[in-house]
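Right, one structure below, let's go through it.
Per-chain numbering from 1; labels A, B, C, D, E and F assigned in written order.
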Amino acid sequence: MPRHDGRSVSQLRPLKVKRKYTKNAPGSVLIQAGTTTVLCTASVESSVPPWLKGSEKGWVTAEYNMLPGSTPTRKARKVDGRTTEIQRLIGRSLRAVVDLEALGEQMITVDCDVLDADGGTRTASITGAFIALVDAVSTIELPDPKRSVFKDSLAAISVGIVNGSPVLDLDYVEDFAATVDMNVVMTGSGKFIEIQGTGEEATFSEDELSKLLKLAKGGIMELTEMQQKALGRKWPLVS
Amino acid sequence: MPRHDGRSVSQLRPLKVKRKYTKNAPGSVLIQAGTTTVLCTASVESSVPPWLKGSEKGWVTAEYNMLPGSTPTRKARKVDGRTTEIQRLIGRSLRAVVDLEALGEQMITVDCDVLDADGGTRTASITGAFIALVDAVSTIELPDPKRSVFKDSLAAISVGIVNGSPVLDLDYVEDFAATVDMNVVMTGSGKFIEIQGTGEEATFSEDELSKLLKLAKGGIMELTEMQQKALGRKWPLVS
Amino acid sequence: MPRHDGRSVSQLRPLKVKRKYTKNAPGSVLIQAGTTTVLCTASVESSVPPWLKGSEKGWVTAEYNMLPGSTPTRKARKVDGRTTEIQRLIGRSLRAVVDLEALGEQMITVDCDVLDADGGTRTASITGAFIALVDAVSTIELPDPKRSVFKDSLAAISVGIVNGSPVLDLDYVEDFAATVDMNVVMTGSGKFIEIQGTGEEATFSEDELSKLLKLAKGGIMELTEMQQKALGRKWPLVS
Amino acid sequence: MPRHDGRSVSQLRPLKVKRKYTKNAPGSVLIQAGTTTVLCTASVESSVPPWLKGSEKGWVTAEYNMLPGSTPTRKARKVDGRTTEIQRLIGRSLRAVVDLEALGEQMITVDCDVLDADGGTRTASITGAFIALVDAVSTIELPDPKRSVFKDSLAAISVGIVNGSPVLDLDYVEDFAATVDMNVVMTGSGKFIEIQGTGEEATFSEDELSKLLKLAKGGIMELTEMQQKALGRKWPLVS
Amino acid sequence: MPRHDGRSVSQLRPLKVKRKYTKNAPGSVLIQAGTTTVLCTASVESSVPPWLKGSEKGWVTAEYNMLPGSTPTRKARKVDGRTTEIQRLIGRSLRAVVDLEALGEQMITVDCDVLDADGGTRTASITGAFIALVDAVSTIELPDPKRSVFKDSLAAISVGIVNGSPVLDLDYVEDFAATVDMNVVMTGSGKFIEIQGTGEEATFSEDELSKLLKLAKGGIMELTEMQQKALGRKWPLVS
Amino acid sequence: MPRHDGRSVSQLRPLKVKRKYTKNAPGSVLIQAGTTTVLCTASVESSVPPWLKGSEKGWVTAEYNMLPGSTPTRKARKVDGRTTEIQRLIGRSLRAVVDLEALGEQMITVDCDVLDADGGTRTASITGAFIALVDAVSTIELPDPKRSVFKDSLAAISVGIVNGSPVLDLDYVEDFAATVDMNVVMTGSGKFIEIQGTGEEATFSEDELSKLLKLAKGGIMELTEMQQKALGRKWPLVS
């Protein structure tokens, strides 16, 4: 059974990444997956949260927001439960690949503002946020310039069960129809950072779980290649 | 390597459930897993959220809260990101086993208030909330008394990797030390409803994931038996 | 004219007190007056409010909250005018019997969370809070261990005029019907700390006031005996 | 022992009342007790709170606020616990003398804004609010013009124990020094509506209570005469 | 075409100013322009905003508020967009004539509370706030008593186009009917500080702008004379 | 004296406009003036604010927001006084050229989100918002398709006095240095809609005002041509 936009079950949507999209933020990435468009900016502050004062460790955090015009029906500006959940996920995921001691006592906030939404905004945010973070880190002074800030790279993708079939990278129409929805965050070297799988008023079996995770892994590998290509010489990892 | 409290890796903490713990709420369950103590009350309202008005479908939602005295250091009363994330999880999980049409146009809110916290408060909340929900449903009038409101039963447990070993039902000390933390919500018939696995500034492999899910499944089966025993004749499912 | 539950006009509801009800808080008391059930936990913090910094004086404060499931109709979580009024009353009452200098520069917060509500929740909170406060104080280090923190003991009860008769310890049904509602906070030695008497769209005479205060005094004496019994060797006062 | 401003223990501060102080509000009274100055305006709305819709009963409510410049040190604009407590007291007191059915289904809000504060702002507010309420009621259409809206008149005064002596109508200096502080709301016919007595880190005996109430009663009688004089032909009560 | 209240197009409403209107605030001015009545109090604090700490410069800020009873229909207490806009305007205007270094490191807040509103409340606030500010400054210690805090005086007035004609000092009826509404803040020496002109669902030409500014200038000159007369020997400027 | 970026005093920054920048919103315009970049989206809702229900008139409103990464130092997400002031200005300006009756009973909200900020964000927002509004209006059904919704076109620009000289279209560096800052909103036919001129701790003369307005007028004419070119056949006005 073909997908409504003609993709195969394991096919990503057309992907575009534009670095240095805006000028004021030290890291600024526009990432597009099909219609879904997210602006990820990374800003640096010299002060860290209170509980890290004097620790010589840094911090990485994230905020996520959908612009009112990003959805067909205007979305009121407010921070709801979904929003806080997603920004906690993005921050936690980024910290999983960052050596906070190597960063020194400074804080980087990655803001993911969705300009156009068509499903998969949180995973596009994570994938773009990693690139913006690398760019921002490249502009700051580190305690030990030889110590790498990044332990691994990081990307994220959604998978789900639509019309009974596991598929990769759901757009809004598929997301709405899915009985199981799963977001997977993985490192470039193939380790899990986060799995969030939810039956939408439905359940799923171990076998379905296996198929979904396999699809996700394939998608993450493609996204990692794209990230490496976009960053070029700035790619922070020894391959 | 033994666990700090002497349990085996696949052993649950001592579990107690007390139904009708308070008198005013139609469903009221005190659930204890070791020191962790949660009061789950289920209240019924005749009006549903606006988007369901006139739909002849009901709604189930949840709120989660830790009392200030539930932790060794007093916890200020406020709804933070973690709180909203957990209450969304509880509500979504409950709805996965409820036939909202069978409920008719009425709303049930399950409040999970943590009286004493020692790890695993969100999973104890879900396991207790199911029992409180069954009790509350038994007090209300349904559109079709022959149609079952419940499609399955529901329980939840945490698993994690502590000192390199996968273990079941982490208490606070283990939770703090864990490199991977996973909450699993399953039906009594062994289907997944929700998997939330997080590497805490760490990652995990597919093999570790498999071991964790196996431990979780065993725990859920024990919890389901306990729920069935607690509810006795009110157990809503044909075994 | 008999009361709806068969009590005499000067009879308290059945009273139960359980110390060390939860494990994490240094003071933890479950107090029940009939159906009304309040969990009072006392937590200690080493820092005091700004205006006491450096004063070598401590502080005692209180918070009051009704759990959503504590009432027959679910009560939404929010801090309304009634809530702040009651928590100010509890804190003020506790401070009236505490020697804040003897406490040293530390703060104790007593949280009174109503698990089941059937009238008299604020007075049960005060009576239980005193016991939790004594327990918490017994766990902390004091500047001068020989100086008593407590100048007196403290209990509270409601009285009111129902069907024209002054009665003691109103439950919800009586509270609703009462034309005059009065809460009295007294020390164990029989002094007033607080009197709050309100005509509910009604007024009352000096004679009625006298009768109400006499009933209250009798109730407070019984409550004081119960507190002394519950605390046993921890009773902080020379009798 | 004489009072710091030369008054006898039972003497009120100089009192001024000015009706129609502002033009837009249907009731507008400036009341001054010594330096304490409160502007009481009464506004009428045709809609009542939701729970009274269709009941053919009206509602009277109050708001209380201290202007930032009313105190020697600027008071930030915010609604704190003390504020909500006072506005609940004012509203409750006014409703005790109003026949809400005679008012018909309309709502009157009395706003008490303190322009200058020197103790006794809540009692001056109540005394002034009654006059503003009478003026506002005289401008509206009633369901039955022959039925009186007012069951009685209403005034309030503070008493307290200062330097060991019971005194009437405390100013700020006395209020600060008082060990017992009591606000009494009474009808013109000498019935209690509200008694709020508080030991400020102190207690008080039954004998002291009696003396305080006697002082209050004398003060209320003087205030009632002043109100009657101020309202002249508008005094709503048959004497 | 005559104005509805008989004034000529360039005529101000009757103006009254009363200094030392309340006792607690160091500056306290009641200003009335026709029915519009504003209480302007100026309070002094020894601490400045964070960004001025250690700068040896002071700060002047303002708050604006309409009392609920100031309008024919009760105005709910809340800080809306219009309110913040006006208080920013008042603060900015006052700072334009104050030498913040001459003030030394202290802060003055001018609170403008509207007691009765009939159009022109923001301009009356500015005109009155200047007088209250002068009074407050005269009570404080300055770093260099010979250096003047005031560079100029300050007043404000509204102008607008009503029924096609430019007019001065609009009351509410005219404000409501105006197609163009302009507030002008000027110094006593005839320089602009602020011009805010708005077409209300309408536009205006350069010629109309010229006429409006001329009217405003005339009004400001009259207001400046009144301020000078009110302040008498305290007038801070060499004429 | 040349400007720091080499422009003449009457020269606009390089201007770019991109229509249909995002896909979900019916109007979506990216406008760039030098580095300043604003995304203006216009969304349509079928319901109007309460006070227009049943009036057969529509409503146009605006929201303004700076993304956290739009400034060199990260700007926290919050709605402050400046933000509300600007969004009120944008909404008021748009309504000045819209025939709300021709729109019928529907509401359009234009969201102006600043992606990159370098001075002049509010005026760029207005200029871009007009284009987005025209695009959104072209997608909706109107009560009378022959009646034009637009009475005129609309653009805005800043002028100011920098180093003693009046200049057009200030960037951030100039804005910071300016002693007078003025925003001018005009119609395409050369009428004023709004003038907001502010002396920044400074004042300005009538002569300076004239020069500033002349510069603004020239800028607005250029912007109007650019808008007409961008909209092409959609330009809603008969020239």
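Following the convention adopted for this analysis, contacts are C-beta pairs under 8 Å (C-beta built on N, C-alpha and C of every residue); 3 or more make two chains touch, one makes a residue touch a chain.
Keep in mind that this is a model prediction, so the values were computed, not measured.
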{"item": "Contact distance in steps, from chain A to chain E", "value": "2"}
{"item": "Label of the chain whose CA centroid is most distant from the centroid of chain F", "value": "C"}
{"item": "Relative to chain E, chain with the most remote C-alpha centre", "value": "B"}
{"item": "Centre distance in Å when chain B and chain D are each reduced to the mean of their C-alpha atoms", "value": "52"}
{"item": "Whole-Å gap separating chain E and chain F, where each centre is the average of the chain's CA atoms", "value": "29"}
{"item": "Centre distance in Å when chain A and chain F are each reduced to the mean of their C-alpha atoms", "value": "34"}
{"item": "Per-residue overlap in chain A, given as positions that touch at least 2 other chains", "value": "none"}
{"item": "Topology of the chain contact graph, where touching chains are joined (line, ring, star, complete, other)", "value": "ring"}
{"item": "Sequence of chains encountered when the ring is traversed from chain C in the direction of chain D", "value": "C, D, E, F, A, B"}
{"item": "In the complex, chain F residues that touch chain A", "value": "22-25, 28, 35, 37, 39, 41-43, 45, 63, 65, 67-74, 77, 109, 111, 113, 115-118"}
{"item": "Residues on chain C engaged by chain D in the complex (per definition of touch)", "value": "81-82, 84-85, 87-88, 92, 95-96, 100, 152, 182, 187, 191-206, 209, 213"}
